[in-house]
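Take a look at the following structure, please.
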């Protein structure tokens, strides 16, 4: 643990202890209530952030899970005389199970992202509210809890609730920190930035989302349980209110949704302000102010207060004049370049709504070779890459990788078998650093590495591609050339046996191209077979051991570069009949 | 008529077109050929106003087009048949054609223009109430060309009209383009299919990796080794 | 088994409420479908319109319908200004949802500040008049709302379908760049749609004021149900919205008649959830 981390943890603990001792000082009730509410919102905003800020699935239904916690405690204590403290973990559990159940269904549906998820969770709040309102759980008049005994810690039951709320707040912030520092957290961030890419890299997106949702709901449920006894009278409209979800969103957004401490900062600021500006007209003004703050934050400060602080505190990046390919040591693959077929496509067909993109492609890539895939526009090259890597499923035909059938296997499983790809337009996770982008594929590749091990592996790959100096930069700060190399480094960090490169040279200056070609040769030298799609003929002839020409969705010719480019059929395909 | 000088088009930090200069005169059929990825679509989209340009001049009959917002380009007689057709798939064939003459000047001649387009492409008259997205590739190409004709352009920009079409259909498209040209419309044709493009064009430019590497009379250029090199690499 | 009269009355109530849902959802459906902007503030605007109608009609003793002459154009301008803001700050999709939520909260506070949280009820001569259709009583305000909804949705649909500008709007929604290449000014289209959307909200507000008691918190009560209608009716489809709204409202009304009123919200929200899960591609 670094010194900074130690210091932070100690400070955290110290704050916690100090705050915990407050009730013993017998302050006026106002202070306990003031702080209780701040802890309340810290816990709610932080728990909301686990699924919404980290994974990007903005939930408008936090009130549903909070409410289910409230009513679990209310029902258990008032109807079944279960001791209050016992009901708290149960409240969390009920909320978590609810969240889990919903997540299991909803996250399966591929199209439910963004605003659809927001609406869905909004609808769940109303459904739950209606059910609670119309069944004996509440029935209408609300539930009175004044008679429920609450143990007295440090002198009063009020102090108990205060302490419980403090514990939950600290616990939620600690949870957020733990999640963010873990593989799970990196995976969630990847989901937020580019879920499809994450999926292909091996991130178990479904599992991670459901878990994050469940933990988020658990905390909300426990907060609800405590709240029930704090107000001692709960009603459906008060508990299942949209305002609660909105306030939590706004606090997290204000503080910074990509940070573990952000929501807590936002909650402290807003709750503090709200409670100081109370009474009559001020309350209304305050509501309007909250709305205004939300707008300003979302538009101007997408990363919130914490994001701003983080950017200010980051070490200044050293500028690298040119991206040089260094001779950094990377693990050499144990693969024999024995020329045996590694990838085989047999009669592969793919059509899109009437357009026949691939009409029967048969080719093979041999272990240890650099295979160039060329063809006129519309010949199906990118489609073929997408089908091989599992982004699309072939309609017909067989694809085998090292003897294993991968024809209709899912993208992330193909990636797990040792097949990586780059994208024509580089797709990096915008808000992960360059280092973490590369570490992502080492973390979720095969074999899956822990966070620190993945990061050091990532560093060596960044050295290999010449990006070592930019490890802590964000992808937006790189130029096109560097982003392509980042894509490459990420693909390589998964230790693939075969890498599919989609137009990695396009857009580069001739000087940059020299470096890129050298890099591709290095990649092959350390044991990875390469298939690359390219238009720039001079580079293809230079680099490729063999060439396959696609035209009209099938293989037109294949063989040694010079032979293929002299083949009359190939010339005809490119230039037209008059030339052949 | 169309005067392009030292045009530069970039996507963020990636420069796609460097220093491109070309000219199209009244009633001329000029073609720009080049391999996949050379930047042909980028160039033609910039000429049609779909992409912003970073440097250079773009004039049509002396009017500086670079200073205009995208929706004013068509007022000066430019119409685009884009790569991949880009029809309004959910709208009917006739509605697509009608969108072609949305601007005030051509709209006045809507009925007349529609008749002309249907005369040129009789099959469209049959399918006028069908959703454009449900037509075959070749028919969609006809709708795209028809839509551009409805704008009564003086300069027609065509981006790879034969792409994805069966050879016979592609041949028909080239015939149509030649016929439109014969009617007096200037044409700038961007094509990957060199032979057919050079066969109907008067002059040609060769685009490779964002730069114009050759230009001249089409017939002469057909024999030029530089075309071969651009497509097939240096031998 | 409830009597046919009860069922009939419930269905009528459903029709009229459905009309209101359609009026509330029309603007939302158009901007979401054609501009890809989720304009939550529509609801708050409708309520603002309702309060304004109440105020003008009560304070100056106008006939409520006359208030439209003031409120509709004012709201059109408001909608245009809002869209200018969206364009200036390049706000789309999810961000627009959150920003408009913020605006809703601000508007709600404004309403509460001016008119307080007390319940307000617009008293009009229309409210008490009913027609008799066999054994059924038809409330005049409800009927007018229904007719207005039908008229607005039908004319909107027709406008989009047959007018040149309507076609331009649809083309712009499908491929904005190509529409611009043929002369469609996307900016103007966006401003127009936004203004229209707000104007529709004004009309919705009028009928809400005439048939419901007003309270600022009520703004949120309609959200779920109207969203359900908008999504089920498919975005940008005015007639679809109308049909879905009637269907949902009728189901709610029947549920209320057959079981207890408290269960009504369950119908629309469950429908919404089901549709969102089965057809997530909007």
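Just so it is clear, A, B and C label the chains in written order, and each chain counts residues from 1 on its own.
Please note the rule applied: a residue touches a chain if its C-beta (ideal position, glycine included) is under 8 Å from a C-beta of that chain, and two chains touch if they have at least 3 such contacts.
Small disclaimer: the values here were computed from a predicted structure and weren't measured.
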Which of A-B and A-C has more C-beta pairs touching across its chains: A-C
Farthest-lying chain, centroid of Cα atoms versus that of subunit C: B
Computed distance of Cα centres, subunit C from subunit B, in Å: 44
Euclidean distance of C-alpha centroids - subunit A vs subunit B, Å: 42
Distance between the centres, which are taken as Cα means, of subunit C and subunit A, whole angstrom: 36
Subunit C-touching residues of subunit B, taken from the complex the two chains share: 48-50, 69-75, 79-80, 82, 86, 88-91, 95, 98-104, 107, 147, 151
Footprint of subunit A on subunit B - complex, ascending: 12-14, 16, 35-38, 136-137, 160, 163-164, 192-196, 198-199, 209, 222, 227-228, 231-235
Complex contacts: residues of subunit C adjacent to subunit A: 38, 89, 91, 93-95, 97-99, 101-106, 108-110, 112-113, 220, 223-224, 227-228, 231, 260, 262-263, 265-266, 269-270, 272-273, 276-277, 280-282
Touching residues (chain side subunit C, partner subunit B) in the complex: 164, 167-168, 170-171, 174-175, 177-186
Residue ranges of subunit A touching subunit C (in the complex, touch as defined): 58, 105-106, 109-112, 114-116, 118-120, 122-124, 126-127, 129-131, 133-134, 140, 242, 246, 249-250, 253, 281, 284-285, 287-288, 290-295, 298-299
